[in-house]
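Look at the two complexes coming up: chain A is in both, with chain B in one and chain C in the other.
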Partner chain A sequence: MSQVNRSTRRPFMRPMGKWWERDPFFVRYMWREVTAVVVAIYAIVCAVGIVRLSQGEAAWNGFLEALRSPWSILAHMVMLLGMIYHTYSWFEIMPKTMPPMVVDGKRVSATTITTTGLLVAAAAGVLLLLILWGLAP
Partner chain B sequence: MSDTTTRIIEIEVLRYRPEQDAEPVKETFQVPFTNDMSVLQGLQYIKDELDGSLSFRWSCRMAICGSCGMMINGKPKLGCQTFLRDYYPGLVRVEALAHFPIEKDLVVGVEDFVGKLASIKPFIIPKEPRTLEQGEYLQTPAQRDEYEQFSSCINCMLCYAACPQYGLNNEFMGPGVLALLHRYNADSRDGAREERMQIVHQEEGVWSCTAVGYCSEVCPKGVDPANAVNQNKVNSAKDFFLRFVAPKGAGK
Partner chain C sequence: MKRSNAPIFWAMFGAGGMLSALFGPALVFVTGLAVPMALLLPGDTMSYPRMLHFAQNWFAKGFIFAVVALFVWHAAHRIFHSLHDVHIPANLLSKLACYGTAFVVTVITAWKLLAIGF
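And now, the complex of A and B:
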């Protein structure tokens, strides 16, 4: 009677490999994370533009020339798609990431928050385009 | 009108018998079912009629005890709340809750979760000692609304099976426990916020969460743990910055 409490427990831990493929929800989450990189890349492109502007007219014109290359246009199309998806997924998760919003004693629904966010983003995009249109030579 | 027709559905169970299996193995059972039968009842049929060695946890059969959480066709669900008819004529794949160690068949080890739950002191800690003569605590409906949703948690751990961050690193406190932490911190009768915030501030506290948000999707009680966790990222950040302007104790 040496080992009265001998345990036969042998807990099995399942591996986590390729966990993001297990559920469509995780795939969408990973796309949200990946497209955040696209947002960062575009921020770098804009920052480079400002640096080139500070270096004088020739440098700025060179930057504009580079933007007009077919590869640049293709990259911008891809980045635009990434940005649109990121905007959508960002506002989709927004209601879960903020404290409850109470208007007239009633909690604002998740759908209202997401829809409002998307509409504001779309309106801001259109406004920016109109301003640029007005500024165009 | 109740449909009493009996049909046969296939239930594939991921079995693990530590005394004989090196790793989990699939086993399929043919189960007769009626329209009103849950996955849990399907498992009970297997245990009663086909293989008495099948192990799983259950108790209330009405989605309030939180015992029968399992992966059903890859999704964390309560066995008692999921109907076989919704999968017919397809296969029902049943597996132990993801991200937890399998003890046997559908039974997972809960020590980690229970330890974390105890660590947040999930009970009201009064601000100051009170006597019976002082009577009950009074709370306005608005104060109750602050925490009521988070008090619906039944500790079923489905949110942990939905959280890849917990699966990758189980040091993370995880959605359910953090939602309950918030439930007490947000309660106007409680006075232990500062103590619990020490858990929130840690990397294993709210900062391991990357807002996947699946925890809230799978919650059978509409608790929205992702919201509790992310509200506390804001609270934690506020505490971090406010200590420069209002040193400890100054705000009281």
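And now, the complex of A and C:
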């Protein structure tokens, strides 16, 4: 029966192959989701570092050596761009992902939320760099 | 009615997303670029004795664990929910692949952090 159906009626199926290429909004959405891969890879790099650290000095020095390889440097440059885009997109969609915030009877605008988030993120990043700079030999 | 476990995973997604948005760029820069290339920070910033001492501090240990665990659960949740968009069905197999990886990474990190001692 299905054989007959297939030959007699061919309903239109909208092609959905690379649907995200249709609209710049979808492209931005996809890049935003891809940042999760960067976050995952960085978490795994850190986990590997902890495993190597627990195995002693030789293992840890091997890990440091791997971090100094050109491939690692290149990968971390790409990951840095990915992380920065993650930060930007995280606060860009924050007005939609958080509950509405009301101050003095007026709803806080999307721009205010995004700008505040990005400023806090910049401050947090600088603070972490300063702390690590203070801890450095 | 059975309680949904979804809020737990969404909470970890949110916490990991926020932590990585705040500190992710600086962390990648420090551990992946600044220290290996000896830019701004000395090349021996992450030498074995220093790193061991750092990982033995309870606060630093907690921070390392939070970074690894929350980052990986954030990513697992986000990747799992995006699979449908790239025509990969969200079934038990893909669920196990995503959350299973996060679980394994979390357990190994916790175990090794404890093995490093205090």
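One rule holds for everything that comes next: the second predicted complex is superposed on the first by the 124 of 137 C-alpha atoms of A that agree within 3 Å, B and C clash if a C-alpha of one lies under 4 Å from a C-alpha of the other, contacts with A are read in each partner's own complex, and residues count from 1 in each chain.
Keep this in mind: a residue touches a chain if its C-beta (ideal position, glycine included) is under 8 Å from a C-beta of that chain, and two chains touch if they have at least 3 such contacts.
Please read these numbers as outputs of a predicted model, since none were measured by experiment.
Residue contacts after overlaying the shared chain place A:51 against chain C, while chain B stays out of touching range. In the superposed model, A:20 makes contact with both chain B and chain C. With both structures placed on the common chain, the touch criterion links A:10 to chain B but leaves chain C unconnected.
Annotation for chain A, partner touching more residues between chain B and chain C: C. Contacts of A:39 after superposition on the shared chain: chain C is touched, whereas chain B is not. Contacts of chain A with chain B, set against its contacts with chain C after fitting on chain A, overlap at residues 16, 19-20, 33.
On chain C, the positions that touch chain A within their shared complex are 16-18, 20-33, 35-37, 40-42, 44-48, 50-52, 54-55, 64, 67-69, 71-72, 74-76, 78-79, 82, 85, 87, 101, 105, 108-109, 112-113, 115-116. Contacts from chain B toward chain A in the complex involve residues 16, 18-19, 23-24, 74-75, 98-99, 101-103, 109, 145, 164, 167-168, 210-214, 216-217, 224, 226-227, 230-231, 233-234.
Chain A meets chain C in the complex at residues 16, 19-20, 30, 33, 36-37, 39-40, 42-47, 49-51, 53-54, 57, 60-61, 64, 67-68, 72-73, 75-77, 79-80, 83-84, 86-87, 90-91, 117, 120-121, 124-126, 128-129, 132-133, 135-137. Chain contact summary for the complex, chain A toward chain B: residues 8-14, 16, 19-20, 22-23, 25-26, 29, 33, 93, 95-100, 107.
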